[in-house]
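As written, the chain order gives the labels A, B, C and D, with residue 1 at the start of each chain.
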């Protein structure tokens, strides 16, 4: 069972898609370019894209990813090699886009009360088990299930479809 | 010996009895016009250390280059200007609302372009005001900041060139074709540093709008200014709107010209300027059938009501060709309102046009119709330089509104005489 | 005043849009940033490879088109030592002087040099010397124009005149 | 066991009974791409299919250009070109170019949207088509690519909630105020993953434009779709655009809802959503003396003819000129709307009052064009999002009805439309 470890970056409630990836960068088609603008509009997080390390987690409050259907908002984090998003609630289009890209997302009540920026986390996506290695506290998120889980296990929707079609 | 128009105006303004080409004179301009570049100018102005502009009533600022703001940077630029205008008490400021328009169009409509005036503007097409008998010319940002600070500017008295125009336009041929033809003949530097006087019976017949098209493009042959002698039409146009006093100044009959050219309108045909220089002119016939992606009608050169009317006449009850974008941007809100009143906008929208809010639009690559690589645009604007409309790998053809509308209709460059 | 540098050679009618594209006129405000876009649509290698003191040699009507001063500013900021052309468009001529960018009108030089040649301009003598040994003379700028150039451009010049320097 | 509207729509599509929570692959009636994310989908599709793939059915694909129409930067000009070439290559005839307007409204006017249809598009406000009982939803580019290939897409059949609005909206309270009331009540994630069924006396009497406004902002509560059973106004519109008669899909009386809420909105007052989240809704009168720099009337939420007509009628009633320091921008949603505003002299009145009427499209709302904000600028907008920095870093956006927008445009500060009557 995969266990991920990384540092947490904690964000507030209602981190919308313009904050994650601003509308003025929508013309960009190359995901490596998108990555450079991740979280640029979150006040105080202007340097996130430069400072985040592969394997780090984005931790957020409720309604993460509300707003636009832009998949850029998932791709920019994925291409920064962020391990995934753990939020108190995740807005539905963002949720879909994450599933379709095999990008880890977990919904976890009160996570922003249990984790601070800089804390080391140990995360088991399959069960939803999260351990805050800095504080020692262990708690559970809702793991992804059903078809969404199958899609994520294949690495995303396109891979899933290819597998279904026997390609 | 007699003096040319430029010599007479500059001598008078400099308080001299006469001047000759090559003399340097220092004068106080009657007006100084700026647009969105008023913000960077204001910064340069502040760096000089002068607190107040020389005369807040002589400065005119008109927002037009990117209106309403298409990016946060343009928005900030506008906001900086509003602040400067308020600080300095600048009397004539045209903001982003339905009193506005392209600076040159609005400057004329608002009665700032007056006979005998010396006008400088921080835009190269400031030469347009010669249509009213003004000596007007474009200057750079630092120079404008210096004018704001000192109220003075130096000029080298230019040599003059006279272009005599006779006859009347054949069907499908317009002032735009004439000025393109002239530029094609004498080249992009054919009037470098010179004052260009348009004379002859045909010019007297021309409307104010047509005269503006001529003078507007003098810069494309390198001219310092272009001028048409004021007549009854000019005075009638200015009667109710002139902002300030003026005196008609005309060239002396025995003035000396470095070069004299003559044109007979009946010999002209519709022309285009091909990529990527304005003097690369040939008859429309030679490029007919070339596929276009976009047609653009507007700008300080050809965005007036008569220009829109011609397009509406060609497109009434028809649809533009599939695969062509037709972008129409009236030169001012006055033009827009008139076009709305006459049903011209409806006709054009029904034909498939996009009507943008008055301003410069895509002319210099700011917004509202930037081209993709490999695309071809036919435009009523004044410049077809490589990259002008935002993309160096696109191609721009310049033509009259009739040629542009005819080409939008067929989807290929088309001689307007075939559809008129 | 003397300027010595490598030649970048371009043709006739080099317009302000290819020297500094209009789309950047309100979005690129810092001269150093402007320098990165200098001649972008004409020669993308220029901004990357230009060295301080390099000299642009061009044909007739250099700088035709817009009144945008950035077309002079960007070259100055890129370190261009001078522009030598067969002729200049008039607004560009003023803008260059106002920005303190030395310009020389000298039609004969054009055919005598190639890209990469080193040439030297002596503004006091009104002479251009090529690496092949050719010497061309040009008429020096009017005195008050030289005054502007020597002060580093119009704004410093005015400040000096107004006693604000 | 009875079915909700969404269960009925999906059951009908699948030819079998489905219930909330099931994962299903739903056949699609239309896959819509825009100049926003559309090119990304095209490039991804070409990559996945090796550059020579064919879409499942070119007649079930639509391309709309509204994000930045006409283009203001080269990249978008090229992105639009990528989409045009794709249409040519694939034989896609439903291409709506830069002269047509906001995508969802354009396909609606083109008769491509019908009750019971399933539509996906690269626009989170795709679900406003729930106003005609279409199951339309915004998706990312990967979903689009899957849709292009398969003609179907996976969904979790959403749970439903039912919201009943009874009473009557008192002038000058508008459907937008009702919408903001809904957003306030639900919160930004209150309808996450859910299908929201609207009904009640107010909904019965709401015309299509009002229903589109309400359905559009279901997105701002993270809802999957907001559905309303068509009334006569909607049916007449559909008949005109498609030539067909539709009955509408009624939920079963014993359908299962997670929650049923009932409101009497007769006392509703004009509302405003304050920076920087749509859920931050207050009464307009509670927001005192906020000076504004710009007003925007348009967007997929309030860009229909009826919205402008209401704005016009109010303007004629209370005074005819806008405050000189306020930039007032009107953007019709579509070409059809723009033409009607011209024909009826409404555009003329706006322009004469000092306003700017632009070409149709998303315009300011996607920071495409027309009025992007500077730092510290305050905008009053009839659109649907006031996210921090969305329309310019350091700016402030308030959301309101077209009437509140007009009242404020006249006074230069945020003003309850009742205060000028």
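The definition used in the following text is that a contact is a pair of C-beta atoms (placed from the backbone, for glycine too) under 8 Å apart; a residue touches a chain by one contact, two chains touch by 3 or more.
Since the structure is predicted, the reported quantities are computational estimates derived from the model, not experimental observations.
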{"item": "Where chain A and chain C are represented by their mean Cα positions, the distance between them in whole Å", "value": "52"}
{"item": "Geometric centre distance via CA averages, chain D-chain A, whole Å", "value": "27"}
{"item": "Averaged-CA centre spacing for the pair chain D and chain B, given as whole angstrom", "value": "41"}
{"item": "Residues of chain A engaged with two or more neighbouring chains", "value": "24"}
{"item": "Set of chain C residues in contact with two or more other chains", "value": "23"}
{"item": "Residues within chain B bordering two or more other chains", "value": "71-72, 74, 366, 370, 390"}
{"item": "Category of the chain touch graph - line, ring, star, complete, other", "value": "line"}
{"item": "Pairwise chain contacts under the document criterion", "value": "A-D, B-C, B-D"}
{"item": "Residues of chain B that touch chain C when the two form their complex", "value": "24, 36-37, 40, 44, 47-50, 65-66, 71, 73-74, 77, 121-124, 126, 138-143, 145-146, 149-150, 154, 187-189, 192-193, 219-220, 222, 224, 277, 279, 364-366, 370, 383, 385-388, 390, 392"}
{"item": "Chain A to chain D touching residues, read off their complex", "value": "13-14, 16-19, 22-24, 26-29, 41, 43, 62-63, 66-72, 74, 89-93, 95-97, 100-101, 146-148, 151, 156-158, 161-162"}
{"item": "Chain D to chain A touching residues, read off their complex", "value": "23, 36-37, 39-40, 43-44, 48, 67-68, 73, 75-76, 79, 121-124, 126, 137-143, 145-146, 149-150, 154, 156, 188-189, 192-193, 219-220, 222-224, 277, 279, 366-367, 385, 387-390, 393"}
{"item": "Residues of chain C touching chain B in the complex", "value": "13, 15-18, 21-23, 25-27, 29, 40-42, 60-61, 64-69, 72, 87-91, 94-95, 98-99, 142, 144, 153-155, 158-159, 162, 164"}
{"item": "Touch list for chain D against partner chain B, complex", "value": "69-74, 76-78, 80-81, 84, 97-99, 294, 322, 324, 327-329, 335, 338-339, 342-343, 347-348, 351-359, 364, 367-377, 392-393, 395"}
